[in-house]
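Next come the structures, one after another.
Both complexes shown next keep subunit A, but they swap its partner, so subunit B is in the first and subunit C is in the second.
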Partner chain A sequence: MQPQHRPTYPRMLHPGAWWLWALGLAAAASRTRNPVPLLLVVAVTALVVAARKGDAPWARSYAAFLKLALLVIVLRVVFQALLSSGSQGPTVLFTLPELPIPGSTGIKLGGVVSLEAVLRAFYEGLQLATIIVAVGAANALGSARRLLRSVPGALYEVGVAVVIALTFAPQLVTDATRVREAHRLRGQSGGVRSLKRLIMPVLEGALERSVELAAAMDSRGYGRTSDAGHSARRAAGVFSLTGLLGLSVGVYGLLSGTGADWMGMPMLVAGALLSALGIHLGGRRTGRTTYRPDPWAFPEWAVAGSGLVAAVTMFVTAEVAPGSLILASPTQLPPVPLLAVLGILVAALPTVLAPPLPRAAAEETTSTGQREKVAA
Partner chain B sequence: MSTTRVVPLQLRSGVALALASAVGLLGFLWPFFVEPGAALDSSHSGDAPYLFVAILPLLAAIVLAELTAGGLDAKAVAMLGMLSAVGGALRALGPGMAGIEPSFALVILGGRVFGRGFGFVLGATTMFTGALITGGVGPWLPFQMMTAAWVGFLAGSLPRLRGRAEVALLAAYGAVAGLAFGMVMNIWFWPFVSYAPEVSYVTGAPLVENLGRYALFYVTTSLLWDAGRAVVTAGALLVAGTALLRALRRAGRRAAFGVPVAFER
Partner chain C sequence: MIEFHDVSITFAGETEPVLNHVNLTIDEGELCLVVGRTGSGKTTLLRAINGLVPHFSGGTLTGRVVVDGRDTRDHRPRDLAEVVGFVGQDPLAGFVTDTVEDELAYGMESLGLAPDVMRKRVEETLDLLGLADLRQRPLATLSGGQQQRVAIGAVLTTHPRVLVLDEPTSALDPLAAEEVLATLQRLVHDLGLTVVLAEHRLERVVQYADRVVYVPGEARAVVDGAPQDVLDRSPIAPPVVELGRVAGWRPLPLSVRDARRRTAALRAQLTGLTPPAHAANHVGDVVAGVQDLVTGYGRLPVLKGVSVSLAQGEVVALMGRNGAGKSTLLRTLVGMRRPESGSVDVGGHRPAQLRPAALLRLVGLVPQVPGDLLYESTVARECTQADRDAGVPAGTTAGLFERLSPGVPGDQHPRDLSEGQRLTLVLAIVLAAGPPLLLLDEPTRGLDYTAKHRLVEILRDLAASGHAVMLATHDVELVAEVATRVVVLADGEVVADGPVADVVVSSPAFAPQVAKILAPSPWLTPTDVAVALAGVTAVSRP
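And now, the complex of A and B:
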């Protein structure tokens, strides 16, 4: 068995697997407003992030997303309490001073605030917050920058531009700090004018570098396209445009109440498939290979599959027992949808199924060096 | 002042852009157009927002692939990367959403100087880079990319003017774009939120009624925020517009975009 198939062999998991896993959890959260499975999803993401996140800068984004999620819940509850005097329940918590807004808007500020309205707002906010937290876990675990390596060939140039931008952005921040320090040493104060004095040298430096970089890329043969590209290009265009037409018709069919059945979802799916094929064919023209591609081995299948299990069990529960996922009354004790809960617990398996991170870059290089010696 | 067309818009990419923009626009504006009894009528299911969250990345990918199908040359890619880097770095300096404004001014200037096709791609890559730098990749990203791309595209389509009039035009456009960006981005998540029945979206209600509800939602939640963005974008363009335009045009001349390369024996 090759080492990358073992969950114990330390390496970076393919970021795509983490994103699929998080997508599964987010899809599961989108089906329910029951706080039990929602809080469980949050707990599972926290567990996996704690177990498998690295120490790269983007790994900190989970905390930022958690804050955003909390903000969503708080905003939702506050707005519900302040704005919706019309949709309150019978259990009155307290009464705020009321401020009617003139005009026929029907909006009232303040008034009675009931337990039902606050709880309903909390559950709805919790659903959105859970989706946000799942996305945050994906950001923390699977680096989107690493995912850029798997960008389809048709988007090669755009991908290169983004890689250039990511490489030079930290330098530009350094540039900006240096310029600002120079200003301060000269005793120039801040203000609107200082913005111009700051951005001009930074931009000039960036433009200068871009011209140099282009010359360097040209001299290294960037932009060579394969000869087989011409017919593939035409085919890609045909597929993309037909696919786009299909998407347009599909969206129209879904939005209008009178269209035939075939105009809705079938057309949309066909259009999406055709345009995906177009993007795939469009990638032929570059004819390039990837240096040390990220492997997609057993741990990747396991991680992505565990997210899928969570989504599927939730969708099955939504079909079989919808009452356990959307509460009829917000004040009732939330039931425990057993199947969905088991599915979400399966999504916690990446804590052991995902390979541990290589401890440090230095250690990794020495160990690969030893392996190569052994292989030789 | 001639405009260099760094990313030329041919018939094929133009059609792709128009179609994708039409579907993308529906991805934002669908709450106003759902007919009662339609498959997306959210009184049956709340799936409509998720559907468009799934479609938008595909749309963005198709348009970007088609726009660059002829193969961008190294100079264009390097310029695109550097300008996105400046936008992304500006975003990293400002906290959260507040950092979008200066990069907005840059997208407008880039679209103005290097043409509308370049503006479109620049808007998309700037938003993408900013999201990667701040670690904020999420379902909102394709929507931001599409909207910023339109901002860059329209900046490249503005009528030709010179001197102070051009800067004034760009600043006015920046203010409008700043407001419109917030308005459009809010529609994206409007159906997700239901703070109160008076400001929430009702499926199948007449267009005017839903527009009224949206206006109320917009004024109560985010007008102040967006007004700030509009003022900052316009202010940045007014203060530094002339100098930045000159710098970008000089770089464009030095790079000599669009000059045919001929080898002689």
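And now, the complex of A and C:
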């Protein structure tokens, strides 16, 4: 057996596996507003992130996504309680002073705040928050940049554009800080006018750097495609685009659960087939190769599969026992959808199925350093 | 290997060609140095080698450029990727991926090499350039010299026959520059690569060159030939060559070693003469100082108990390797950073607590990228804005700028100024409010010899008129010319603080060329030697 098939062999898991796993959990979360499975999904992602994240810069992003998720919940509750008059129930928590708004817009400011409204807003916010946390987990576990290395040849140009955008965003922030500090040297202390003065040098700098990068890429052979006719290129483009469109409609139909039947699975399958064809056609055109591609072995299948299990059990539950996923009344004690809960628990298996990260020599010294600090 | 046949290049919207009827042949295995003032067309010449001019830049190229039998007329830069490796001015701006290993592989991926070939070449290149320990490191965390070596390695993996580098060492400290040049030297000698590089800091490179191409600019004819011959005629020359001219050595020496072996006669002439002191003519009141200064980021102190004071009339050079804390000290003096402990005193105030408008009258800083201070669309508006910021009568800044850099039209866009003109514009803006203390961070980055001479004159005048000047710099020749005191920082501590000659003469990294040649006598610049010798002849003649 090749070492990469063993879950105990230390290596980086293919980032695609992490993203599939997380998307599975996010898809599961999208079908329910029952807080029991939602909170369980959050717990599972936290567990796996704690067990398998590295110490690369992006690995710290999970906490940022958690904060964003909390903000989403708080905003949702505040807006629902303050601004919506239709959603209030009988159990009045307290009454705020109300601002009269003319006409029957359905909008109010202040007034009665009921327990039902707050809870409903909380559950709805929790659903979105859970999806955000799942994406955060994927981001922390599998670098988005490494994922882009695995994009098929046909989408390579798009991938490069995204990578460059990812580099430029932090660079812009650094530039802006530097320029703002420089303006202090001219005796200016901020204000709205300084914004205009900030934007010009920063944008000019970014533009110059882009041109520089483009020149570097050009002289290193970027875009040296093998000979293929215009028609083949156009065909590949049309197939990929139509396919991607189909995929989007399919995913929307499947996740929203409100569209017509044809919008779900059939569209998804057709879209996937078309894009696969387009990507295959386009891939033949670029003469690129990949240096040390990430392997896709048993642990990858296991991790992606565990996420899929969570999604499938949730979708099955939604068909078989929809009552256990939607609360009839927000104040009711939430039921426990057994099958879905089991599925989500399966998604916690990557804590052992995903290989541990190798420890680089440099990391070894830092961790010893940390231990010494703790000892001191 | 590289042939220019009657090449003229005119950019779109220009009437005059940048390069005019250039005929040039660079043979295989040569290290060719391209010299010239900024804006003379050096970069254009380099970019024409791999077809970036005109394929990427636009413009018109007449004549033919042939590299390894391929005409750039029919080959785009990407088609020449396995023939010409091109490394631009700022290595960080040219990186496409984010780790060392991926960056080395990028070019090969684009060429579609087989995975096993790529694997082998990456390992070979890591060893060749001494990068094996850094293979997994993110590119942004590398030092300048390491980044430059990665950039060279990244183009070497495609096994080009020609390597083209645009100012590879101008942003590096002397030791990192040595590191990069040693690498280039090895590539030329061991792999037989043809290397073409442009560089302002001739003193670093000229000794390695087999051929020098002098681009005079303004479409005048390009001169090329053996380094001795070209430098003999060119107005720009490193100190070792200037000393050779003063002493009348033929052929001219190019390296410290060449020169040192011929110094016997010159030494005899110089015995009994005292080198000029390089001290301030008149040291006035102390205008600023730091005492036991500690500052840094969290648990990473950058400055660890630094004490320095600056007095009127002094030009203090702040030296040390990258990351030693030079910029941090300057930034603390203008209040951009707060001290964690210790005191900072600028004209009796703590700079971090002053409003920017008040600070302006006490201290001025010219940052590493002077352009950061500029945002208006014309030079004239920039000057008016500076007058308003400083609260001085209209025309003050424009007058200063006219004095520092005469003859620049007011309607020109600041981005179109040359590096030297932009630096003097920022200098004028900073000086408008009349601060007694002037700080400069790496002022000679990207400056050619002419602009550097002008800067030296300006700084001397400022010191003579009672300013205190402090400049953080890697440029040892600038220090030898202008400084009256040197402070060396290492690892956040002051390791030396004293007169220029005492500090730099014995230092292997910071000694100027003339000091290395004439050590142990503390002569610092060719001008000092020339003046002393002239004095002798003047006295002995009557």
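As a convention for this text, the second predicted complex is superposed on the first by the 243 of 376 C-alpha atoms of A that agree within 3 Å, B and C clash if a C-alpha of one lies under 4 Å from a C-alpha of the other, contacts with A are read in each partner's own complex, and residues count from 1 in each chain.
Here is the rule we use: a contact is a pair of C-beta atoms (placed from the backbone, for glycine too) under 8 Å apart; a residue touches a chain by one contact, two chains touch by 3 or more.
Note that the structure is predicted; figures quoted are calculated from it, not measured.
More residues of subunit A are in touch with B than with the other of subunit B and subunit C.
Look at A:L172: by the touch rule set out above, it reaches subunit B but stays clear of subunit C.
In the superposed model, A:P201 lies in contact with subunit C only, and not with subunit B.
When the two complexes are overlaid on their common chain A, residue A:Y291 makes contact with subunit C while staying clear of subunit B. When the shared chain is aligned, subunit B comes close enough to touch A:L255, but subunit C does not.
Within the superposed three-chain model, A:E181 lies in touch with subunit C and out of touch with subunit B [touch as defined at top]. In the superposition on chain A, A:N139 makes contact with subunit B only, while subunit C stays out of contact range.
In the superposition on chain A, A:L247 makes contact with subunit B only, while subunit C stays out of contact range. The intersection of subunit A residues touching subunit B with those touching subunit C, taken from the two complexes, comprises 57, 145, 160, 163-164, 167, 196, 200, 204, 209, 213-215, 217-218, 222-223. Only residues 57, 145, 149, 160, 163-164, 167, 178-179, 181-189, 196-198, 200-201, 204-205, 209, 212-224, 226, 287-293, 360 of subunit A touch subunit C when the two sit together in their complex. The residues of subunit B lying in touch with subunit A in their complex are 12, 15-16, 19-20, 22-23, 26-27, 30, 33-41, 48, 50-51, 55, 58-59, 61-62, 64-66, 68-69, 71-89, 92-93, 102, 121, 124-125, 128-129, 131-139, 192-199, 216, 220, 235-236, 239-240, 243-244, 247-248, 250-251, 254-255. Across the interface of their complex, subunit A is touched by residues 47, 50, 52, 55-56, 76-82, 84-86, 88-90, 93-98, 101-102, 105-115, 118-119, 122, 136, 138, 154-155, 158, 331, 334-336, 355-357, 359-360, 364-365, 367, 369, 371-375, 385-386, 389-390, 415, 429-430, 433 of subunit C. Interface residues of subunit A, counted against subunit B in their complex, comprise 30, 57-58, 60-61, 64, 76, 79-80, 83-84, 86-87, 105-107, 121, 124, 128, 131-132, 135, 138-140, 144-145, 152, 154-155, 157-158, 160-170, 172-173, 176, 192-193, 195-196, 199-200, 202-204, 206-207, 209-211, 213-215, 217-218, 222-223, 225, 233, 236-237, 240-241, 243-245, 247-248, 251, 253-259, 264-265, 268, 272, 275-276, 278-279, 282, 285.
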